[in-house]
Each structure stands twice: as structure tokens, then as C-alpha cells.
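Consider the two complexes below, in which chain A is the common component and chain B and chain C are the respective partners.
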Partner chain A sequence: MTSPAITSAKPPATKFASRFDRFQVGLLGLAALAVVGTLIYGGYLLTVMQLAMIYGVFCIGLNFFMGYTGQASFGQNAFACIGGYGSAILCVQFGWEPLLALIASMVIAGIFALIIGYPTLRLRGHYLAMATFSLGLITYDISIQWTSVTQGYMGYAGIPPLGIGSFTVDSERWKLVVLAVILGFSFWLSLRMRDSRFGRGLRAISGSENGAAALGVRVPRFKLIAFIVAALYASAAGSLFAHTVGFISPEVYGPQMAVMTFTMLFVGGVGTIVGPIIGAVVTSLLQEVVRGSGHFQDIAYAVVLLATLIYAPKGLSALGALFRRKKEA
Partner chain B sequence: MALLKTSELTKRFDGLVANNSIDLEVPEGSLFAVIGPNGAGKTTFFSMVSGFLSSTSGSIEFDGRDITRVPQHEIAAMGLVRTFQLVQLFKGMSVSENVEVGCHLATRGGVAASLLRPAWFRKQELEVRQRAHELLEFVGLSAHADLDAELLPYGQQRLLEVARALASEPKLLLLDEPAAGLNTQETEGLAEIILKINAQGTTVLLIEHDVALVTRIAHRIAVLDFGRKIAEGTPDEIKVHPEVIAAYLGVEEASNA
Partner chain C sequence: MPSGVELIQSLVNGIGIGLIYGLIAIGFSVIYNASGIVNFAQGVFVMLGGMFAHTLLMRYGLPMWLSAILATLLTAVAGVLVQIFVINPMWRRNAPLFAIILATLAVQLLIEQIVILTLGDQPRTYPEFTAGGPLKIGAIAVPYQLFWILGCGALMVFALTQFFERTRMGRALRACAQNREAAALLGIPVERMLVVAFALSAALGGVAGILITPTQYTAYLIGTPFGINGFIAAIIGGFGSPVAGLVGGIFLGVIQSEAIVFFGAGFKNIVSLTLLLIVLLFFPKGLFGGLAKKT
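And then the complex of A and B:
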């Protein structure tokens, strides 16, 4: 690139100085601690944290579309459904390697996202939200009705756990370790995509579509790619669920999944870097905590969520910035 | 040679003729201004030229190519980049990142490159950051590089938008009322920056309300009123042009009312 007669000696700021504040690193540390604590404590909490890791993967992808690009999607569970059933069918019916089934399902989900996204993403705002929500509902219905492939309400049982060759991850503790590593890897990939020409283009779209277009960002194409990225993450999460729990049914990937992941993303912080992970862990643990309150568990859950949205409107991960701004003001 | 040329460019919104057969030639390297009272059709003209609005009839030529029906992103890629009357900053991104987005057209690479990070990509990322820093220094915002762009005062947001547009290395920079809402001092600083940009070889097409500013810095001025071009000439010619004076002081309207 040429620079017209502008001179400067000072090097640009370091990479993470502005993008990754200490507060967020601290939150990530807490999440890691929660995983380690669970590994020591064991028991039922292992399952809770396993699911939190899986939802974390889902939410990282969702954050690309809803957070960075600023588009509404309530139908990403459709792609988790493709991932889950892809894994189940390929492994149970055809005896594939779990890892291979996971990747093959991701490819299928990606192609579906391309075909569905191309016409759908022309919609904006509420219309896009409705269209994606119906996508999730349609997929849910198909997974119930198309019994010859999905076995309907019976679902699939006996889905093998992840592994390579003869080595399989059988114990619940090891499953959590592997899932945590996968979540870390997904997170690392998401960071690389975010801090690049591609990621900046996405975030520019959520900031101002016109502004981004004026600078040559191909807005429809970038939205579509973000949608596909989100679908790939969702599919991976769907497959991971199948391999971790060993059993899937339509209910797993129903509209409830869309609501759940949506909640997680908002609690953690839409568009923040660590928000998806923090939201997944906090929300999963919260559900277990309020379970203790018996009949009132739904109310308690709702109260805590509402409080979060009122006092931390940008999510838990943005609390650090909120405090800083108050101090400066 | 004309870098931008419009011929009989017309835009109708149902019954309203926002732009009526406008002929304009912006010479390469010039600092050209379009002025006119509120509602004269200046922004409509800009939006057609930059591809945000399609024209009803007429043609637009840029850099020797007919761009009348060319999609907006391609026009931007050819080197015609605009700013907006209402600042369109990227919320949630830092000041520096805003300018880095501006480098979009001058760089390449998508998802695969961002994941694999080959050597050329890492080098490009460094250059982008360096370039953003230089441009912020150029408009005097380098001290706020890491600040959330939304938190900048309004006057500086406008400067940031200019820096961002410059990052795409345009041949022709379209500035839509860059001085709107600025105080005298800020306008002064902006004028200096526009002159510097032009001196470095970028052709500038400016829409402005502030006639004093325009007559001071522009080489040539076109005046729009009610969607028509009523005058064109050097600042000195425009200042004494009877129709321009009438349009601005509202002589005809006053007598009609």
C-alpha cells in the first residue's frame, strides 16, 4: 500500500491492548477454574459442564452472525440438528468414525446454510428473525416426521463417543477435558477470524451497513459467510452433543435450543469476545443452582436473567468496560 | 481530463424531480464543490454518483468508464469513495479499527487467509495497523486510537470518517457536508485537512452548506437549486452570480410568497 506523504515514527499499538481487556481475561480464567473444579468434584456437575462446553461452541458461532455482524437468527438450532443427526446416522447406520462423521455433517450443514442463507439474508430485522425462527421450526418438524431417516420421537441411541482409531473418550471426566479443549480451539479460531480483514468487515456491517458498503465491503456476501460460519459451529455443537450424550431425539434440537443459546449469548455479551463462553458456562450453572429452589426454579431463573439484562445490558463480559466508563465520567 | 462526468443525470421520486438533467465535469486533481440550499438535491446527486441510488435517466462516467448501472461496491473498488452527511461510524469498534476497515479495498484475504495467516497476510495486517495510525495522525486523532469510536465528540467523528475514507486510497473522494455541525475552529481544521488531501493528488468532490468555506478552498463550484444546476464557475464568479444570490437570499421566493 502506498501512503501519500504521511510520516510517522511511532509504531501502532499492540494487538491486544484495546481488543481484549483484563476483565475479559479474568472471566475466561474463572470459566477455566469452573471446569477444573468440576473435574475434581465430579458427579452430575460433569454433565452440566460438558453441555456448557458444547453450548459454548454453538454460541461462538452464533456470535459471529448476531454479535459481530449484527443480524438476528433464531434458527441456528436447525444446523445443530443437521450436525447431530448427521453424526448419529453416519455412525450408527454406517459405522463411520465419529470424528469423520462430525466433519462430514459440518460440510452438509455448511452447504445447507449457503442454500438457505442466499435468499433469506435479503431480509432484515424482524423479518429475518421470523424467517430464521421458522427455519428452526421446520427442521424440528422434519426431525419428528421423517421417521425413516430420523426414527422420529424414538431418536437415536448408542452413538459412539469421540475418539481416534481404537482410542475412545469413554470416561465422563475425559469427555469434559476433550470438550474444553475443543471449545478452546473453536475460540482460538474465532479470534483469528475476528481480528482480520474479514472480521473487521463483519463488525463494520453491524456498525453501519451503509458505511461498510461505501468502503467496498460486499455486505450481502459477508452476511452470508457469517451465516455459514455460525452454521458450521452449530453443526459441530450438534455433533458433539450426540457423541457426548450418546442419545439424541428431536427435542434436543428443538426451538428450546434456540431460546437457550440466545439467552446464553445475551447473558455473556453479544458481540464481545469471551461473551459466548461466559454466557454458556454461567447460564448452565445458574440452571443447576436455581433447580434447588423447587417449584420456583423458573421464576428464580427469570429473575436472575432479567437482573442481568437490566444491570449488565451488554452482558457480563462488557461489565469491565461499564465500570471503567463510570469511573471516567 | 474529467475524472467524473455526469450527463443529463436525472432522479425522480414519483412526482418530485430531485435532480433534473445535471451535467457536471470534475477535472482530475481538482477540488470541486457542489453547493445549494436545503433540499436542492445535493445528496441525491451524491448518492447516484456513488451507486447508492439508481438514476432515473442520464449517465455517469468515472475514470473513463460508464458506471451508471455498476453496483455500489464495484464503484467503490474503482476508487470512488464517499462519506455521509449523517456520520456512519462503526459502533462498537475502536477509532483505529474504524480506519482499519477503510483499508478493506486496498487489501485482500478472506476467512481462509485469516485462519491460516500466511506470511503475506501477517505483513498486510501490520501494514493496515500502521496505515491506520498514520491516517489518524494525519487528521489529529492518533491520541484516541484505542477509544470506542462512539465516544468521540461529534467534530472528531467527522474527521474519523474522512480518515476512514482515505484509507481506501480513493481517486475521487466524495465528502457529503463534512462541516455540518462543526464550530468555526473545527471547520478551520477540516478545511486544512481537505486542502492537504487534495494537495496530495486526491480529487475531492465536496457538498457543502457553508458557502464561506467552499468559496475559500474550492477550485470550482456548481450550484444546485430545486434539482437543477443553476450555475458553475470559479468561487469569484459564483459569489457575484445573480441566480446564486437569488437562490440563497430567496429573492424570487420572497416575491412569490
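And then the complex of A and C:
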């Protein structure tokens, strides 16, 4: 979003730490610690944290559309689906390089987001939520029914891991390291975009669409770009899943994924900077903890989610503000 | 090209399932009009109605009519519990729209899991209300249950219309639908009206579940498809009057069954979801009037 005619003042120069509160930096540190701890400990936790990193990428994108812009999309799993199947088909059927397939899938997903988003984003509120939800469902059904391309419930197996040329990331530990680096890069990118003119425009839209329009923000265009950004992140996450696990099937990108990533975003704190990452890590770990309790896992999961939504609607990242207010009082 | 008999047969089937969608759609609009909330867990009430009726009928050996009434009441209680423990706390805290939608989805997951734990995960069904049938008209088979669905559907719509027009409580609900703040200023207890709306909506879903179970089956996971189709019906009908919801449901049911004839069963959801998108984009107030001429 750099246009030569714009002479906007740069945002006040901010040091890294002052943009977050200390609590959020602490949370981020804990997340990093969890990654390092997993690297040392190894075992099944590696897989859990790999998925947490992938969903983190997804949620960072979702946060652009949901958090900063204040719109609803329950259908981002559609773009993860495009990314995942794009990677799988290009690599397995046509023998492409994984990295190339990932980028190509992102381009396809972006074009789809443009075509779908243009009419859909005129809707608001519940209508937008339901329209996007049904987009996700349609994609899910197509991925099951269009067996000549997607192989239906069979899914794709043997998707090669990420790599460049002859160097491939094979070991589980290195996969986690690479995914953490990718997540860090996505995070940095999202920070840059958040504080750009574009990002500030988005946050103006979430405050008041009319107000933003009065200030010269092109609301429909900004919304559409935020939607596409979210779709690109989702597609990348879908591809990363395919390359990391090596197998995909329609269920991976089903409506469950939409609800789960939504949960992550809300647990971490929608609209906060570190929320998506914290939410992805905490929710992934939480799922593993309650998985031990047998039949009650989904019940525990739903109860925790409801409690978060009712009592901590701004998520974990906002808890810092809560403590601070208490101290001052 | 499918034969004429096939087309008419699927039309009959479509009307049956469409009426069920219509009842669910009315449930959606009752809550939506009273609170502005879309309860995405609406399909769960359909599942609960069928499961309760089956349990009372098969496990406790109650007669059909008693099981149906008790199951409807129990489902209404479930709706009230959801309102009191989940929706109301969020409502009071002014939770954002998307948080409430997510919460209703979590409620759906929660209730489904509780049903699995207490009633089991096996699909189940019970006999039609009237034994015998189907009624043969030429080559077309009309199951007797369809008449029950038709009769109960008409009865529910009539009763609801009377309730909204004639009773004090119904008028209060309509006042909430038009302007909640003004309604509160006039002394209408809006929060209590929300409880009523949830009870009513859950009961409607429960009746739909009790009626449809004999023609197919019920299991913990049927909530999502019924909920989504009910929502699509509500969008087509346009959240307005009970009649509009019912008509929207029949429209959707018929299109869906014809789609099965033409494209195969796998594509029925794709067709109905595409229909939803078309209606949302081009007829945002519903195909049949909708909000504009709300009574």
C-alpha cells in the first residue's frame, strides 16, 4: 500500500518493547521457551508444537481480517484447503519443488480470495459470518466429492517435506525449527503491515466504517486486501501442514479447522499483536492436556472455550492490562 | 434425464424435509428478532428432540404422544439453560457478535458430547406415528408421516401467529424485535423475553426433530446439517414472519431434493450453500419480503 501521492507522517517511532506491554513480551517469551523446551524434550510434543506453529501462521492472517479490521470470516479454512491441496497435487502429481508449490498455491488462493471476496465482503455481521462459513463448507464438500482431483476421503500421501534443491528438512526437530522461523517471519511481516498506512486504515475501519471513510480510507478496498492477506496466510499454513505431516485429507481443512483457529484467536486475544501466536500454542497444548482425560476431552475443551469467551473475552494477551489496572487501583 | 415420476417423488420428499427446515428456520428467527443473536447451535435442539423422544419411547416405554410432549418440554428446558448459562452472561458483558457466534458453536460441541456420554453415539429411530403406508398415488409414494409433518407444521405456524398477535407476551417479544431499548423503557423485561425466545425456539427445533426422526434417524451429529439448512431457509424466507420461514424451508427442501435427482446425493449441500450465497448477495432481505414488512 505505498502510493506516491500519499504524504502520511510516519507513525511515531516506537521501540520494540513499547509497542507491546511487558505482559505480552513475557507471553511471547514463554511461547519461545515452549518451543525450545520441546526441542530438548522431543517425542510427541514435537508434532504438537509443529502444528501450533502452523496454526499460528493461520491465525496471524485471520487476525488481520478479524482483529484489526473487525470483520468475521468463518471460512478461512477454504484457503488453507486450496493451499494444502495445491501443494499436494503440484508436488505429488507433477513433481514440483515444495517451496515453489507453496508459493504457487498462495497465488491461486489469493486470486480466489479476490474473486470471492469482492462480492462477499459487501455483507455485514451475521450475514458475512454465514456466507464465509458456507464458503468453507462448500470447499470442504468439493474436496470430498471431486475425487478425480482431490482423491476424496483417500487424501494425498507422500507429500515431500520442505526444502531447497537437494537440501530437505527431514528430522522432526529441524521441521519445528524451520516452522518456528517461518512463524517468526510471518509475525515480523504482520507487525510491519500493522503499522503501515494500510494497517492503520484497517484499525480505523474496525473503529467505525463511516469514520474511516470520512478520513479517506477506502473501506471496501482495504477490507478486500485484508481478506486477501488473511487468505495468503491461510494458504501458506495449509501448504505447511501438507509438507510437515506429509498427508492430507478433507477432514484436515473441514469446518473443525475454522472453529479451532477461531478458538485460538479468541483465547490468545483477537486484535492483539501477540494473540494469534499465544492462542495457537496455548490451545494446542491444552488439547493435548485434556486428551489425557479420555471421553471428557471435548467437554473440557468446550467448557474452557466458553469460560474464556464469557470471562476473558479479550483473551490471554489482554490479561496484562487487567493486572495493571488492579495495581493502579 | 430423470423421469417425471422421479421428479414428482422427489418433490414430495422435498416438501417433507422442507417443512422441517421451515420449523428450524422459524426457531432461528424467533431468537434473532428478539435479541439480534443468531444461534448457530439451533440444530442441536433438533437432535435433542429426536433423542429425548426416542429415549422416553424406547427406554421408558411411554406412549408416543406423551413422549413427544415431554421431549418438546425437555428441549425447551435445554434452550433455557443455554440462554441462562451462556448467552445471558455474554449479553450482559456486551460481548462482540463473533464471540457469541463462537460461543453457540461451543455449546453445540458441548451438548453433542454430553449426549454421546449419556445416551450413546449409535444412530436410532422409532416407528412412524401412524402404522402402515405409504399412501400410493399412481407410482408416487407418500409416507403417512408426511401428513403428520404437514399437520403439525401448520398447527405450529397458526399457534405462533396467534401467540405473536394476541397474547401479551407475544406482543412484548415483537416489541423487543423492533426496538429493544424502547421496549425496555416501556417496562418490558427484555432479558426475560430472551429466555422466552430461547425456550420457544428450542421447542420448535425439538418438534422438528421428533417429527423427522421416523423418516430417517437421529444421532448426536445430525445437529450441524439441520442447523445450517434451517439457517439457509431462514435467509431465503427472510427472518420475518413464521409463514415466510416455512415457505423458505419448503423452497430449500424442494430444490435440495431435485438437486439430488440431477447431480447425485453428494452435491446436495453444495447446491444449497450456493443457493445461500446467491440469496445473500442478491436478495439480502430474503426472497419473500422479509424484514421490510415485519408485522
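Throughout what follows, the second predicted complex is superposed on the first by the 307 of 329 C-alpha atoms of A that agree within 3 Å, B and C clash if a C-alpha of one lies under 4 Å from a C-alpha of the other, contacts with A are read in each partner's own complex, and residues count from 1 in each chain.
Rule of thumb we're sticking to: a residue touches a chain if its C-beta (ideal position, glycine included) is under 8 Å from a C-beta of that chain, and two chains touch if they have at least 3 such contacts.
Here the structure is a predicted model, which is why all the values come from computation and not from measurement.
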**OP:** Look at A:157 in the shared chain and tell me whether it touches chain B only, chain C only, both, or neither; answer first, second, both or neither.
**Re:** neither
Original post:
Of the two partner chains, chain B (first) and chain C (second), which one does A:198 touch, if any: first, second, both, or neither?
Top reply: first
Original post:
Counting only touches as set out at the top, which of chain B and chain C does A:36 meet: first, second, both, neither?
Top reply: neither
Subject >> First, second, both or neither for A:259, with chain B first and chain C second >> reply: second
Original post:
Does chain B (first) or chain C (second) touch A:145, or do both, or does neither?
Top reply: second
**OP:** For A:107, decide between first (touching chain B), second (touching chain C), both and neither.
**Re:** neither
**OP:** Could you tell me if A:115 is touching chain B, chain C, both of them or neither one (first, second, both, neither)?
**Re:** neither
**OP:** Show which residues of chain A both chain B and chain C reach, each in its own complex.
**Re:** none
**OP:** Can you check the complex and tell me which residues of chain B touch chain A?
**Re:** 50, 52, 72-73, 76-77, 81-84, 88-94, 96-97, 100-111, 113-115, 117, 121, 124-135, 137-138, 142, 145-146, 161, 164-165, 167-169, 200-202
**OP:** Sort out for me which residues of chain C touch chain A in the complex.
**Re:** 32, 38, 86, 89-90, 93, 95-99, 101-103, 105-107, 109-110, 112-114, 116-117, 224, 228, 231, 235, 266-267, 269-270, 273-274, 276-277, 280-281, 284
**OP:** Using the touch definition up top, name the residues of chain A that touch chain B in the complex.
**Re:** 1-8, 10-13, 17-19, 189, 192-193, 195-201, 203-204, 206-208, 210-219, 225, 229, 271
Original post:
Considering the complex alone, what residue numbers of chain A touch chain C?
Top reply: 66, 72, 74, 119-120, 122-123, 125-127, 129-131, 134-135, 137-138, 141-142, 144-145, 255, 259, 262-263, 266, 270, 295-296, 298-299, 301-303, 305-306, 309-310, 313
